């Protein structure tokens, strides 16, 4: 794990960037605007979403937008756990968190691929 | 050198108030937690995509769930830290790329501020316009 | 000048000998402080006229020698520029956090000195130019690319603020990384490859957890967090072989 | 007793010391240097130097001009052979520091930039913004880490020179951390401990500048030279004495009195059209005269005048004088971009010091000195601003190299004799730590400082100096009765203060006594009762020797080569 630090950091950075730039608006629309009916009824939004995302470019955007933040969180939580006073569990905690992020990524690819 | 560990020392002291009772650290801890919450947002989106792939019924069900008081509470829990995260990340983030990489000159802080927050505003507008159906 | 007012100080006391052994204690002093007193003035007043057994380091009292850093009300600060009038009372003065305490307000700096040395903070060149041929040319822009990071006074406040240091005392830390980065960025230097193993090594930049606390407390606005994270970017690109290492 | 043996023992790790150490290990591939310093080297007072370091750089300049400016600035008391050597080696030394990474400020084309400075007739002061000393010291310290043969004993306080048969062979050093005395033996010793500004109450000098090296040498019979010459820097902050660099005038700052006059221009203070770029002694006298004439401002720390930088503009101030802005804002709450800075003359530099020749050698075999602790002398009766940083380099290197040569030609001293002396020091430290007495260190120190200010300030006369001499003698008597409270050995700073006070009392006495017998005015030594220079009697260095009965004073002719002393007018 230590040998791959630059990789974890790059994924962390990319995830943070996506999380900062894309996530707020995307989340707001999908999880607040649509449910409250501000942008049309469920059928309209369903069709609009399918049009936008059920294609290779849309799918790529979704995979990047959803999966990278997993890596970001995993890496930051790993450091957070060290800071809470568990530096010696780093190997275990890190492996677990990165594994979770990996699973999350695979699931994301699967779910998005099913669009 | 000559005097290293030559007299007993008291173990180093943890900063007073680490890690929640001091304002500076509290702010940082919030940031660390916000960066964990990003994944919660991602998970919700993942559920949304899953619903989207299962058809309009599932999608409507997802929207009803998120429109419920509990769903909206969840959105507050995700959105507030995410916005806090976004601002701090982009603000602190301008420090990092100000370095000469290979033949390219180092970009300045001002330029990076404009780039970072321009990107945030641009991407957000694009997402809102596309998803709201204003731009078909 | 207005009359000095009496200010209460709680000062950390520890000695490996005699009565103060153990975990140390907080001792209260009442110090008459004129309006323009800094915390260091108060400590010197205690040392001179109240309790000569108090030990603390100081020298230039103008914020440049870097020796009087202490925890002032929980925040690492140079005591020579912490004005008593700006602080909440009682004022609590302790030794720098994250360093072993030698005595009272004096901390052990040996490990810090080793860390400084570990980044090879000197100009490394394949071929040295003879002094008689004059200086290496360096434009103001080239100077600016590292100048900020050459401002570090080694006061160690950043180590006392860094949450990583609490649990990973071997982390080479903000000041040492900033110094290594300073030489890497210097147009006269060709030692980047030699410093890579330390800066990007086990105790190097990857231990940083983005708290940015180092930059918050730096009295010289060195912004070590910027250095640490720029070094991460450069190191990551070098790890991917996208960017060459100077001097490799 | 712990005994450490190296080829060369260095006391002090500031600019001169580190330069000497690097020179020693570079000139000889085997030599080891042990650097004994009472503080971590990067804390040394060189760190506080702001304005710059002088060396001929531009095509409008030449070595003779630099030499002449220096000699004239010194009021012709400097040794001309030393000055010639100095100006010749200065450019190479500053270039060497550039090669070691010092971030000198640059011209747009990448060459090193130079600025104007007081008493210099052309721009020749190299600078790193206004933190020149800081950058030089850190560049030297960081470069010194490259050499494993430079072994440091950080936070070791040298208490005595160890002398065998008239030759110095090491020092006894108190490990402040443990309270134990170590015998640090070598075949040559270099003193680089800086000056003694702390013998005065208002000084730009750091707390550590207590004349330790001067006192160490003096007590072993080495003469101190030209001790009566103490430089007041014209622009320190009132109260703290924090230095506002001469570069602020070099970059165009002006001095004003409370009537809004640029008094250096409107009144005749002998600086002519140099005005604010006159030498420090003259400017300090001018400001004091303004105060006496009631044309100064009144503040809580006495009178002051204004240093106005506002016309330079924010951009130039931030680029060339950022530290001045930082200091003024932090310590007096004044932003020089918008307001003038309150300033007053404040003790800055000792022209005098341990008597050395131009190789840094003192009259005692094996003992060398460089930097402010030494008097070579290139500074004579008044040092020009920006010559001292360069002096640290030029004579630091010379002392380092000369010490290597000396150490190569001689055998080790008799270890038994030397260790016995260190053992005695150890006993003395133990006794001092446990000393009971009625006098307080801080009280004696404060009275000494007050007495030096009143007797040996900018203006002196026989009565004031004699009073100071008497007061110092009495204080030395009282020092014998000091009591210490801190009995612990670990990081006991009280015992360090006690020894520093002893050093300062010796140095103060040397200053006051030599001043009291120089019946002329020259450079920084200005007597109201003898207002003119007297070359017929006093074109001479004073030399003061220690004796138990009190200082013994003698004189030596100034070395003249190509320049005839002339009236000092600008």
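Lettered A, B, C and D in written order, each chain numbered from 1.
Criterion: a residue touches a chain if its C-beta (ideal position, glycine included) is under 8 Å from a C-beta of that chain, and two chains touch if they have at least 3 such contacts.
Values in this document were obtained by computation on a predicted structure and should not be read as measured data.
Between the chain pairs A-C and B-D, more C-beta pairs are in contact across A-C.
The chain occupying the central position, as judged from C-alpha centroids, is C. Centroids built from CA atoms put chain C at 37 Å from chain A. We define each chain's centre as the mean of its Cα atoms; on that basis chain B and chain D are separated by 54 Å. Centre-to-centre separation between chain A and chain B, using Cα means, comes to 11 Å.
Mean C-alpha position of chain A lies 62 Å from that of chain D. Contacts with at least two other chains are made by residues 16, 102, 113, 163, 166, 209-211, 232 of chain C. Touching two or more other chains at once are residues 1, 3, 7, 19, 32 of chain B.
Chain contacts: chain A has residues 76, 79-80, 83 touching two or more partner chains. Contact between chains, as defined at the top, is found for A-B, A-C, B-C, B-D, C-D. By the touch rule above, chain A contacts chain B in their complex via residues 15-17, 19-40, 42-50, 52-54, 62, 65-67, 69-70, 72-74, 76-77, 79-80, 83-84, 104, 107-108, 111-112, 114-115. Interface of chain B with chain C (complex): residues 1, 3-5, 7-19, 22, 24-25, 28, 31-32, 92, 95-102, 106.
Contact residues of chain C toward chain B in the complex are 14, 16, 23-24, 71, 73-76, 92, 94-95, 97-102, 107-108, 110, 113, 145, 160-161, 163, 166, 169, 185, 209-213, 216, 223, 225-226, 229-230, 232-234, 237, 243-244.
Residues 39-40, 42-45, 47-48, 92, 95-96, 98-101, 103-112, 131, 134-135, 138, 142-143, 145-146, 154, 177, 206-208, 239-240, 242-243, 300, 323, 326-327, 330-331, 440-442, 484-494 of chain D are the ones that touch chain C when the two sit in their complex. Chain B contributes residues 19, 32-33, 35-39, 41-46, 48-50, 52-53, 56, 59-60, 63-67, 71-72, 74-75, 78-79, 82-83, 85-86, 89-90, 93, 119-120, 123-125, 127-128, 130-133 to its touches with chain A in the complex.
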